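One structure is given here, and the rest of the page talks about it.
For clarity, chains are labelled A, B and C in written order, and residue numbers in each chain start from 1.
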Amino acid sequence: MSTLLKLEQVETFIGQYHILQGISFEVPKGEVTVLLGRNGAGKTTTLRTIMGLNTASKGSVLFKEEEIKSLPTYSIANKGIGYVPEDQGIFAGLTVEENIKVAVKKENDETQQRLDWILDLFPDLKKFWKKPGGLLSGGQKQMLSIARAYVNDNELLLIDEPSKGLAPIVVEKVMESIQQMKDKTTIILVEQNFMMASTIGDSFYIIDDGRTVSNGSMNLLREDEEMRRKYLGIA
Amino acid sequence: MMTRMFSNRMNIIYLLVAGFLALLPFVYDSRSLLILLSQVFIFAVLAMSYDILLGYTGIVSFGHAMFFGIGAYTVGVFMKRFEPETSYFLLAVLVTILLTAVVSYIVGLLTLRLKSHFYAMLTMAFAGLFLVLAEKWRSVTYGNDGFTFRVPEFLKDRTDFYLICLVSMVIVFILLKRFTNSPLGRVLQAIRENEQRTESLGYSVLQYKVIASVVSGVIAGIAGILYAVSLRFVNTSVFTMDITLDALLMTIIGGVGTLVGAIIGAGIIEFSHHWLTELAKVHWIFERWIIFFGIIYILAVMFFPMGIVGSLQKLKFRKKKKASVPVGSETVSQGDS
Amino acid sequence: MDVLINLSLNGLATGMLIFLLAAGLTLIFGLMDVLNFAHGGLFAWGAYSGIWIYTTTGSFLVGILGAILTGMILGIITERWIIKPVYGNHVQQILITLGLMLVLSEMLKVVWGPNQISAVTPDYLSGSWEFGGIIIIKYRVFIIAVGFAVFLAVQYLLKKTKIGLVVRAGVMNKEMVQSLGVNIQRVFMFVFMIGAGMAALGGMLLGPYSGVIYADMGMEFAILAFIVVVIGGMGSFTGSVMAAILVGLSGSFMAYYVPDLALAANMLLMAVVLIFRPQGLFGAKG
């Protein structure tokens, strides 16, 4: 299986703070790679660095073997990477429809098909098609954000803690949709909710204090209680 | 250590320059040069007061003329309405200090909570209100045209006045140097470098900014007094944006956050103004001298945000000391809003 | 009645001119977080270049187009060379755009001389109509019409086109727009160009309205435009048109009834809004 994205010893500063101090991982095409780690470990910063929203000062970020580390955010996005940020990044004053329209790059049949598919998955979005994004519930915002990232033919989706602050039943719904998208794209999923992550993920990386400290297949982590306790604070 | 040594050597240089300037009228008697230099000293005081805001606290005020104008009008009105005597003059100084302190305190409290753009505009609006007041309150200000007035005996002689301006500038310089090196001044610089961090360290940023604006306002008022006395005339121009712009140009070109820079900037601008106006007789383009400064100023903001003095200091300390932070360097990150 | 109508028309016309200046300011602020203190300079450049082209070619329309073009070119230069290097640093932005304002006004004097220049209304727009004893000056109506048309056009652009959608989204969340593959720098430049073009158009239209143009007109109108931007809410396009009309009307009526307080009243209004409702009267950036 080929590698879609590869980070090698990536280091990132935010202002004067050395946030990422050595992140390395590989994302195989067609799989869900889960990034785990406690609060403040640097998971979000890792995704932002891939998107070019923070700039890596050292190391390399290879997407399909091409260095994208110093590209501007928009051209990284245009290479086929979709981003669902931690705060969902919904344009509050734009309607659901407009939120999706901003994202659409090519208005063709294929896009329409993808849109129909994702709207079937999230019927709420269809229901509130003309409602301003700011008035959606937390779960609906999450769905909108995912739909927006999915609607283009992206090869890789970065999804940051989609379960954050959602009721368990909504989390399930969101996770189910990610499960379904899995067949169509490659996904990097940041998730604190280990149960959820472990059902969807193929492999995992643990980030601690800005470094990738451990990795393996998801099954491995399911069995290794001690590692879970050590890095994730859960049993 | 290094700083101490450096500043000792600098102190000697400052002393020599001040001594030279003090002796100048006795060795080289040129009336026009004395007038020009007095003007430089007065604007140096104004520019130093501006530097407290821009260079030391990292805020841009567009209303600094307000305090300058208050000083100018106060002394003018006192000399005109009462007698041009020393006692009334001193009273005028006192009233100026009180007025500028009160006004800068109130305006500061109202404006300094706002983000930089809004602050700049609101101070501009307040200065605008004072300008309108000076235009319309004719019974006191004689409207747009202003009025002339006589000055007390001890201010009449050009040489004496020159020396008074020089001494004022030196005193203000020393006081502000002390002020900026005091713990309070350090907090201000911390605010300039990182407002949030200072706030999170438990300092009330607003309170410190207000203090800076009061100090700066009072000193600008003093500059206004000297200015009006030097002309023996005052009109609404003292409240215009041009005064603020002058202070800004001088501070930026000389070097922000250094105080000496403000003095040097005042010298450069006043002297060039003088010479370029002379040159205007040769070619009209020199009448548009401000354009040169506008361009230099833009280049300075872009490439030498620390101005002449700041850049020199940086060169000097490059290896020994961490470079001082350029003007108002907020955290520069892509797309922060 | 006659007086009321004329004061209203006058106020509306002035309001529209201020709107042309303020609209660009507010859009640029909303999208780029840049308050362009040199915007008044673009306004004055529009006036000078437009009037110059108008008197040289004899065609008012060509003058208007020339003004807009000049404004756009200057806008691109400003964005690219002056503002771009200092994005994200507010203090430097304020300082540098102010410096540019100085240079722009002085350059006007270098190119066209320091004296004011007279500007005449083209024949087909001069004169007035009379309706039942009420005299209505044609040129004022023309300004109102143009201002209104520009408002509708920009409104259409913002609400109905993809680039407008991107601009509105950018005002709300710049990072996200980029993460969706939009080159925001290009959008910045586009908006700056439009804003500068509108400002220049405003300056050009002011010429025949006031009869003369002079270098400081940029600063004078810019102050009114700043007031409008604050009252309307920084970043709010509809807010800017409402506030511009408000300021225009209040200016016109105050100038007639209490002339001493006209500008002061607007300044006070802005101060009060800034102190009590810094997001503006008509909503603000989302």
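Note that a contact is a pair of C-beta atoms (placed from the backbone, for glycine too) under 8 Å apart; a residue touches a chain by one contact, two chains touch by 3 or more.
These numbers come from a predicted model, not from an experiment.
Asks: Could you tell me which chain's Cα centre is nearest to the average position of every protein Cα atom shown?
Replies: So the chain nearest the centre of the shown protein is C.
Asks: From the centre of chain A, which other chain's Cα mean sits the farthest off?
Replies: Using the mean of the C-alpha atoms as each chain's centre, the farthest one from chain A is B.
Asks: Could you state the distance in Å from the CA-based centre of chain A to that of chain C?
Replies: Each chain reduced to its C-alpha mean, chain A and chain C end up 43 Å apart.
Asks: Which whole number of Å gives the spacing of the CA centres of chain B and chain C?
Replies: Going by mean C-alpha positions, chain B sits 32 Å from chain C.
Asks: Quick check: how many Å separate the C-alpha centres of chain A and chain B?
Replies: 53
Asks: Specify, in ascending order, the residues of chain B that touch 2 or more different other chains.
Replies: Only 333-335 qualify.
Asks: Provide the list of chain A residues touching at least two other chains, using ranges where the numbers run on.
Replies: In chain A, residues 53 touch at least two other chains, as defined above.
Asks: Hunt down the residues of chain C that sit against at least two other chains at once, touch-wise.
Replies: 175, 178, 184
Asks: Hey, which residues of chain B end up touching chain C in the complex?
Replies: 54, 58-60, 110-111, 114-118, 120-122, 124-126, 128-129, 132, 136, 241, 245, 248, 252, 285, 287-288, 290-291, 293-295, 297-298, 301-302, 305, 327-330, 332-337
Asks: State the interface residues of chain A toward chain C in the complex, per the touch definition above.
Replies: 51, 53, 72-75, 77-78, 83, 85, 89, 91-94, 98-99, 101-103, 105, 134, 148, 152
Asks: Which chain C residues qualify as touching chain A in the complex?
Replies: That would be residues 162, 165-166, 168-169, 172-173, 175-184, 286 of chain C.
Asks: Which chain C residues qualify as touching chain B in the complex?
Replies: Touch residues, chain C against chain B: 29, 33, 35, 37, 82, 85-92, 94-96, 98-100, 102-103, 106-107, 109-110, 114, 174-175, 178, 184, 219, 223, 226-227, 230, 234, 260-261, 263-264, 267-268, 270-271, 274-275, 278.
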